[in-house]
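Listed after this line are the structures, all set down as C-alpha cells.
There are two complexes below, and they share chain A, which is joined by chain B in the first and by chain C in the second.
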Partner chain A sequence: MSYNVNFLFLLDYWDALLEGLMTTLGITGLCLILGLGLGFVVALLRLSSNPVVKAVTTLYVEFFRGTPVLIQLFWIFFCLPLILGFEISNFVSAVIALTLYMGAIVSETFRSSLRAIEKDQMDACVALGIGGFTKIFYVILPQAILRAIPTLLSNSVSLFKESALVSAVGMSDLMYIGQNISSVTFKPVEMLTAVAVIYFLIAFPLTRSVSWVERKLIHKIAL
Partner chain B sequence: MQTTTQDTPAFIKVRGLKKSYSETIQVLKGLDLDMYPGDRIVVIGPSGGGKSTLLRCVMGLENIDEGTIEVDGKPYIKGQGRTEKNAIDHTIQKQVGMVFQHYTLFPHLTILQNLTLAPVKSRGIPRSQAEEKARGLLKRLGLADKADAQPSQLSGGQKQRVAIARALMLSPELMLFDEVTSALDPELVNEVESVMMQLADQHMPMMIVTHDMWFAKNIATRVVFCAGGVVVEDGTPEQIFSNPKEQRTRDFLEKILHTENAA
Partner chain C sequence: MSYDIDFFYTLKGIDTLMEGLLVTLQLSLTSIVIGVSLGFVVALMVMSPSKLLSWPATSFIEIFRCTPALIQIVWIFYCVPMLFNVFLDPIVMGVLALSLNLIAFNAEAYRAAIQAIPKAQLDASVALGLNKIQTNVYVVLPQAIRLALPVLVTNGISIFQQSALVAIVAIEDLMYMGKMLSTETYRPIETFTVVALIYFAIALPAMYISSQLEKRLKVA
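Moving on to the complex of A and B:
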C-alpha cells in the first residue's frame, strides 16, 4: 500500500475545522429552534377537527418524513428559484430544508406525547371544571412537553447529523471544510475519519443522555 | 322504599337513565335512583354492573342516551338520544366533585398546585385565598408537609387523600367516590376511608362505590345494589346486609362475604 496514514497534519487545520464545526452547530441550533416551533404548531393543527387543516398538515409531515432530506434541500436550492423567479442563498435554502425536516419529525414526537396523556387526566379536568385555555396550557401541554423531551433530544441528534448535507449546496460547515482539506492535502482517510470522530464526539454524549433524561423525568413526575 | 323520605323532595333524582358505549351494548338500562338530603349512598354490585358508569353519568363525564338527572328539582342532565349531545347545566355540574380509583392527580404539578389550579384558573378565586384554603385542607388530612412535593413522591394513600382535598377545594354539594381504595395496598386503605368518615361526620352528601362491605356498613345511610344496569335493591345497610329481599342481592353478598372470609 502506498497510502501513508498520518493524522499529525490535522493540527495545521484545527482552526478551519473549528470554524466548520461552529457553522454546523449554528445551523443545527437555528433549525432546532425553528423546527421545534413549527413541529409544535403542526402537531396541534393535526388534532384540528377541520378536515382541510388536518389533510394539509398530515400531507406535509408524511411528505417530509418520506423523502430524502438531500432532495428537499436541492429542490429548494435549485428548483424553487425557477418557480419564484429569484435566487435563494445556500444558507436560506439550508435553513428552510432542515427546518421543514425537523418540523416534520418533531411534530410526530409531540403528537404521540399528546396522545399518551391518559383519558384520566381529561376526566379529572371535567370533574374539576377545568376547560378551554386552562386545560390546554396548564394540564395538557406541560405534560406533553415533558413526555416529549427524551425523543426531542434524539430528534436533535438526527438533525445535527443530517446537517452535514448542507455542504452539498456549498455551506462551509464541518463536512464541507473537511472535504476541502482532504482534497487539498490528498489525505481523505485521515480527514474523513477525523470529521466523523468530531460528529461522534458531540452526538454520542447526547444520545447517551437521552435515557438518563428519560429516567430522571420518569422519576420526577412518574409518567 | 323508605316511607319517611317519600314526601321530602329528592336531592338527586335519576330517572330512566340509559347509557351505551356502543350501538349494541347497553350498560345502564333505564336506571332510577333517588338520593334524599342527608343520604350517603353506597353502591355495591358485581363488576361490570354499571356502578362506575352511573357515577360518571352523574358527574357529567358520559353522554347519556336517555333519561334525566335532576338536582334539587332542577333539570341537570337530559339525554336526547345516543348520538345527540346531552343538555347539561354546567352550574350544577360545578357543585359535583368526584374522586377516581387511580388518583388522577396532575403529575407535573406540586400538591399545592394540584389543589389550587381549578379554583384559581377556572373559578377566579384569588391565589392567596385558594392557597390558604389548600393548606388548611392538607393540614386537616394530615398532609401539611406535602404541599410542595410532587405526586410521584407520595404513597397511594396520600395521593388519594390529595385527590379528595383537590375536589373539596371547590366546595362541592355532592361527592362521588368510585372505588377510591381499590388500587391501594391494604394497609393504606384505612387512612383514606377515615378521611371519608370525617366527611360523613360533616354531613357531606356522598355517593360511594366500594367493595369494602365493612366500610359500606359503617358509612352508608342507604345501600344500593346495582347489577345488569339497573338498581336491583335499595335499602338501609341493616336491611341489605342482614335481610336482602332479592335473590340476586343475596347471591352477590354470599359470594363476596365468602371470598372476604377466605382471604
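Moving on to the complex of A and C:
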C-alpha cells in the first residue's frame, strides 16, 4: 500500500468543515420547516373532495417520490430560470428542490397519521358543531402531529442526508467543501472519512431517537 | 419567456438516454439481488447471540443508514482504489456502493420482520429436531420475506432512485447521459423532463405494487 493515512492535517481545515456543516444544517433546517408546512397542507388537500385538487396534489406527491432527488434538483437549477426568465441562485434552487422533496414525503407521513384518526372523531366534530379551521387546528392537527412525530423524525434524517446533493449544484455545504479539500490536498481517504463521520455523528443520534420517541409516544397515547 | 420548447433534439438523443437507462437498470437490479439476499444474512448476524457477529453487523448497518448515499459512493470511488490498490470497473464500483447501502436498509427490514415471527415457532423447530440452518432457511426466511416484502420493494425503488448519484462519479447512467445530452443540445428543459419521466415511469408501477402488497398483508 503506497497511501499513507494521516489524519492530523485535518486540524488545519476544521474551520472550513465547520462552515460547510453550518450551510448543511442551515439548508436542512430551512427546508425542514418549509417542507413540514407544505407537507401538511398537501396531506389535507389530498383528502379534499374536489377531484382536481386531489389529482394535482396526488400527482405532485407521486412524482416527487418517484424520481431521484438529483434530477429534481437539476431540473430546478437548470430549467426553472429558463421558464421564469430570470436567474435564481443555487441556494434558492436547492431550497426549492429540497422543500418540494420534503413536502412530498412528509405529506405521506401526515396522510397515514390522518388516516389513523378514527371516523368517530369526525362524527363528534359534526355533533358538536365544530367545523372548518377549528376542526383542523384543535381536533385533527394535534393528534395527527403526535402520531406522525416518529416518522417525521426519520423523514428529517432523510432530508439531512439528501442535503448532500446540493453540492452538485455548487452549494458549499459539508459535502462540497470536503470534496474540494480532498482534491486540493490529495488526501481523499482522511477528508472524506472525516466528512462521513460528521454526517454520522448528527444522523445517528437522530435515528436512534426515533425508536425512543416511538416508545414514549405509544406509552403516552396508548395506541 | 424566450425559450421555445422543442423536443426534436432530445428525441434524437433518445438512443443515448436508453443506453444510460440500461446502465441504470443494470446497477439497480444487480444491487437489488445482492441487497435482498445479503440483507437477510446481515439481519441474522445482527440478531445472533454472538457479539462477534452482531457487533460488526450492527455497526455496518448504522454507518450506511446514517450517512448520505452520496458520500458512500464518493468514498468508495476515491478511497477503495487508494487504500486497497484495486482498480475495478466503474460499474462494479457502482454496484458495490449501491448494494452495501441497500444491504443495510434491507437488513433493518428483515430484522423487523423476523421479530414479528412468533417465538413459539422457533421452539417448535427445536421440538421437530431442525438444526439452526434448517430453521432459518425453512421457517424464518419464507415468513421474513413475506412480512418484509413491502419494505423490500420500497427499498428497491429508493435504490433505483439513488442510483442516479453515480452520475456524479461519471458512471454513464441515465442521469449522466441526460446531463450530457442537455449540455450538448442546449435543451435542459426537454432533456431533464424526459429523464425525469423515464425514472417516474419505472418507479410508479413499483410504488403501486408496494402499496398493494401492504394492503394484502394487512388483510392476511
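The working rule: the second predicted complex is superposed on the first by the 207 of 223 C-alpha atoms of A that agree within 3 Å, B and C clash if a C-alpha of one lies under 4 Å from a C-alpha of the other, contacts with A are read in each partner's own complex, and residues count from 1 in each chain.
Methods note: a residue touches a chain if its C-beta (ideal position, glycine included) is under 8 Å from a C-beta of that chain, and two chains touch if they have at least 3 such contacts.
Everything numeric here is computed off the predicted structure, so don't read it as measured data.
Between chain B and chain C, it is C that contacts the larger number of residues in chain A. When both complexes are overlaid on chain A, the residue A:K161 reaches chain C alone and has no touch with chain B.
Residue contacts after overlaying the shared chain place A:I71 against chain C, while chain B stays out of touching range.
Of the two partner chains, neither chain B nor chain C is touched by A:N4. Once the two complexes are laid over each other on the shared chain, residue contacts for A:F63 go to chain C alone; chain B is not touched.
Looking at the shared chain after the overlay, A:S49 reaches neither chain B nor chain C. Legend: residue contacts after superposition of the two complexes on their common chain; A:M175 is shown touching chain C, with no touch to chain B. Put simply, chain B touches chain A in their complex at residues 56, 59-61, 90, 93-94, 96-98, 100, 102, 104-108, 117-118, 121-123, 150-152, 166-167, 170. Listed in rising order, the residues of chain A touching chain C in the complex are 1-3, 5, 62-63, 65-72, 74-75, 78-79, 82-83, 85, 157, 161-165, 167-168, 175, 178-179, 182, 188-189, 192-193, 195-196, 199-200, 203-204, 207. If you check the complex, the residues on chain C that touch chain A are 1-3, 62-63, 65-72, 74-75, 78-79, 82-85, 157, 161-165, 167-168, 175, 178-179, 182, 188-189, 192-193, 195-196, 199-200, 203-204, 207. Chain A contributes residues 120-121, 123-124, 126-131, 134, 138-139, 142-143, 146, 219-223 to its touches with chain B in the complex.
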